[in-house]
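Here chain A shows up in two complexes: once beside chain B, once beside chain C.
So, the complex of A and B:
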């Protein structure tokens, strides 16, 4: 029998929120154990960090988009159940939390005062606070000339024509002009899936050959940036995007990603590298049975004891919430709250999950914003509105009140609440 | 008039046609059940099959498992389909399972996918189970080893 793994903070969940919480607690001097089962929603994300939709309207000029902090404040005012609103004055720590995440994850470029406007793989434009280095030159507000959207000849996964047509609409809002070209892949694999393309480009010589093809296709066209499918390398250390750009002789950027997401996988890999570098003990496995902070828990044969816990287990994709007839929080058995239920005096979360969707696609969906209810210090609340435990905190998508998959605030909430919860959990230790 | 005709037809079905059909039919109850329902995916299952199906239901088709899946050596059609397609095929009628046989055979059993599933589906176990079922064929379902092959079931294997 091995001795229990003693720590100050136990983090449950290894996505953006859990990793940021663990790193923030580590920075505050705590000994941290992070338990995670598998990659989750972070690995399926676009690869960039959206803090809040800065939209001033669908057709508003891009230059009128609000900066990340201002957008988050505006979002909190409009959505009183949103974590940005629930944390109250702590929302002011958002710039610090974003800067912390950008420092911890070298593949991200730091936030600006204005949003970065990045192209989606379907030709839309989305505001992001942080983005990966491979996406940064695709910022439509910083493009120095027309955007050349490069598709791969014979490959159907990325439709350059569609993206260029979509960006032409954005051009009316002050974005750059766009046109589509096709280039040859440096290897013949018409059925390759995104992560296989990315792995192929990591190989020595492949990214260079692709870059030469891009450079040849765009010679004399005056393009400011070549925008490509989000498959430029799976291994961040291989720097495939930079190699393509160097060989092409112009700026190269990826679009945001749909699922399956290579940039999302890179982001997840960067989190894991940061946890290793930061001295966080990572245990792979599921938490077995409900327990409370301070108690011994067993994960994959390791016994762990920690004074404070941060639950960052995600929403449905991460497995932090499960639909088994009704909505459950499987790790600790905490009370799940569905939005609107409180006001109506009804426990929506106790109803069958299928009844929590409404027909109007644009209306708020109680099922999609369900999660834990927390107080301003991010402590989960029980049915009576009292904190479950003084040293149990929640962060990220497991906290309810926002439709994190669609409202454009998912990773922003993960970073803010992760950072706040990590520091709070480590509080009073050092 | 229309409702009178409808009532007469229903009466004919109840008093004449249905009793005659019952007299004419052959085979045990299980055989008749299988003849009627197997094509619709309502075949009898073993407890193991049922456990695997329940586990597979947690699949949300996110595709994260595929990034750890060495299907690269498989047939292009199988690769394009991907591994998690196996779960969608799972819920269909057993007579469609043989269509997935190529995809299931392409699995090397490396179990690299299991650690990648965010909802905890034991993917390699489900795939192994499906393979066994596909290999055993449609008619080798449980509880009727002694029953003769039913001509009502067309095997696509």
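So, the complex of A and C:
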């Protein structure tokens, strides 16, 4: 029998919220164990960090978009159930939390006072606070000269013409002009899927050949940046996007991604690397049975004891929440009682799925924004409204009241609440 | 007059009649307010069954259905698949009571009588199974069953059946207009003169003139006829089905619902289907949605025999309206499944012919009868019907998928799905892949949708909206709800049909709206996680 793994903080969940919580607790001097069943849902994200939509109105100029912090504050005012509103004054720590995440994850570029406006693979635009280095030159507010959308000849999954036509709509709001070109892939695989293309470009010489083709196709066309499908390398260390740019002799950027997401996979890999570098002990496995902070828990045969816990187990994709007739928080059996909007009602967890959704797909859906209710210090509340345990905290998508996959605040909430919860859990140790 | 007959409604009766009329040389215009089969036809159980349910009340319906099932196999062999059903002998307690044993015996005799009709549709005769044989075939059935009797039926993709009839009609000169609503009848001096229509996509309006209007608009037909002062008495019944993400059993299983109604779980194409409810419906046919109660009722009914279905993943709930003949008194299930042709002359609208009731399996015979009447209304001699002999498009040959996969650069499972949907026309689609290997991209791994198939459907199969591809090649209807295929499908359709970027965005949003409507009542378990992923992937957080 091995001795229990003793730690100050146990983090449950290996996505953005859990990793930031673990790293923040480490920075505060705590010994941290992170338990996770599998890589988090962060691997399925667009690859950039949206903090808040910062909408300025349908036809308003892009330059009028609010910066991340201001946008988050405005979002909190309009959405009283949202974690940004629930944490109260602690929302003011958002810039610090974002700076912390950008330091911990070297593939990200730090936040600016204004949002970055990044293209989607369908030619739309979305606001992001942080983004990957491979996405940064695609910021429509920073492009110097027209955007050349480069498709791969022979590859149907990314339609450069459509992306350019979509961006032309943004041009009316002060975005750059856009045009489309096609370049040859440096290898022959017309029906390849995104991760296969990305792996192909990691190979020595492939990114360089692609860059030369991009450079040749755009010579003399005055392009400010070449915008490409989000497949520029799976291995962050291979720096495929930078190699393409160097060979092209021009700035190169990826669009945001849908699923499967190569940038999302890179982001997840960066989290893993940061956890290793930060000295966080990572244990892969599921919590066996409910327990409370301070008690011994067993995960994959290891016995762990920590005085404070951070639950950052995600929403439905992450597995932090599940529904089988009723809504449950499977790891600790906590009450699911927060969701956005009045439709949610008090018996949220017991209500039929159809009554927790509304007909308009694009409207907020209480079923998709369900999660734990927490107090301003991120302690989950029981059904009587009292904290379940003084040293049990929650972070990220397991906290309800926001639809993290769609409202443009998902990873922003993960970083803010992860950072706050990690520091609070480590509080009084150092 | 522009046409001999204007057909209102692109369900199986409208398209079937359009085909028959066109084959007999009539000038036909078909108007469909949405897309082929979106009403009762496509939302039926998808079976070309012989109507064993109706053997006691309408034996005539059973025989008609069996005979026509045989014809449909002849004209669309690629589109039909055999579904062997089990009717398990279940008792509520251990050991069957005398009364239950009598019911088992009666069932055997009943199914045995149905065997008389089976040869008409190449059905296999029924077999009596003892308990051991039953559990060997379907180990997932609950313990304590006493055996079963088998029953052979046929399944079909009903959306494609409607489409193939429409394409056949087009091939014989008929004009097809989908997403075009017949707004009102033009009536002069007590006679039909045509129809005023409106194109829902372009807003274009116009008049088409014909001496006969065939109203085959299903649940919408009473309202359409009433606008011209004609009555179409109908008792619409709502039928809800659930789809499971995979083939959950190898055999169809007949179950008994909590109220004793008969229902089923059956494998269908790549999925399983649970059906069905039957309830009077008084609302607007356009507002039809499955409710939580209906979903629970169906799952509970199947779980009584197949307990594991509680853990299955329900991917959608979908519904249609049976256009049953009006009768006051009988329960929904006891209503006649017969069909009826109503002549508007009695209501002062001569030349209007409305069809109500009937079964998917008998559509061809119903269409033949309607076409005979249309010829009579036109004052012409009734000419021979050949719709039971001439193959539907792609139905002339069923190529071997394995051989196709050797001949063309696709995997055998992809070729198999393609052959199922397109029959002999798969060769044309695969030739596109050979010419342009890019079109060999498989958009959806569930349904094996090739990029070439999307392009082909857009070019040749009357696609006007992206959501039409749900019904042509099952784009975004699988368990993933379009996670993989929706964006790329929209790009391909947009390129093929020369849509603007705004149109591509709008069509993609509309496609996802359709899926959301089907999934709302069933979001649970893994399907709920899938929904979260789908919503995240499809850019709802974009700047507006």
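Methods note: the second predicted complex is superposed on the first by the 419 of 430 C-alpha atoms of A that agree within 3 Å, B and C clash if a C-alpha of one lies under 4 Å from a C-alpha of the other, contacts with A are read in each partner's own complex, and residues count from 1 in each chain.
The rule is simple: a contact is a pair of C-beta atoms (placed from the backbone, for glycine too) under 8 Å apart; a residue touches a chain by one contact, two chains touch by 3 or more.
This structure is a prediction, so every number in the text was calculated from the model and none was measured.
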| item | value |
| --- | --- |
| Chain C versus chain B on the shared chain A, clash or fit after superposition | clash |
| Which superposed partner A:353 touches (first chain B, second chain C, both, neither) | second |
| Contacts of A:316 with chain B and chain C, given as first, second, both or neither | both |
| Partner chain in contact with A:155 - chain B first, chain C second, else both or neither | second |
| Greater chain A contact set [chain C / chain B] | C |
| First, second, both or neither for A:367, with chain B first and chain C second | second |
| Partner chain(s) touched by A:259 [first = chain B, second = chain C, both, neither] | both |
| First, second, both or neither for A:44, with chain B first and chain C second | both |
| Partner chain(s) touched by A:191 [first = chain B, second = chain C, both, neither] | both |
| Partner chain(s) touched by A:126 [first = chain B, second = chain C, both, neither] | second |
| Superposition clash, chain B against chain C - the stretch among 6-14, 114-122 or 132-140 that is involved | 6-14 |
| Chain B and chain C contact sites that coincide on chain A, given as residue numbers | 44, 190-191, 259, 316-317, 319, 322 |
| Residues on chain A engaged by chain B in the complex (per definition of touch) | 37-41, 43-44, 190-191, 193, 195-196, 259-260, 265, 284, 286, 314, 316-319, 322 |
| Parts of chain A lying in touch with chain C, wherever the complex brings them together | 44-45, 50, 53, 55, 58, 65, 117, 120-127, 154-157, 159, 161-162, 165-166, 168-169, 190-191, 258-259, 315-317, 319, 322-325, 352-355, 357, 359, 361-362, 367-368, 403, 405-408, 410 |
| Touching residues (chain side chain C, partner chain A) in the complex | 291-292, 295, 437-442, 451, 483-484, 487-488, 490-492, 494-495, 500-502, 504-505, 508-509, 512-513, 516-517, 520-525, 528-529, 531-533, 535-544 |
| List of chain B residues in touch with chain A within their complex | 60, 62-64, 66-67, 72, 76, 79-80, 82, 115-120 |
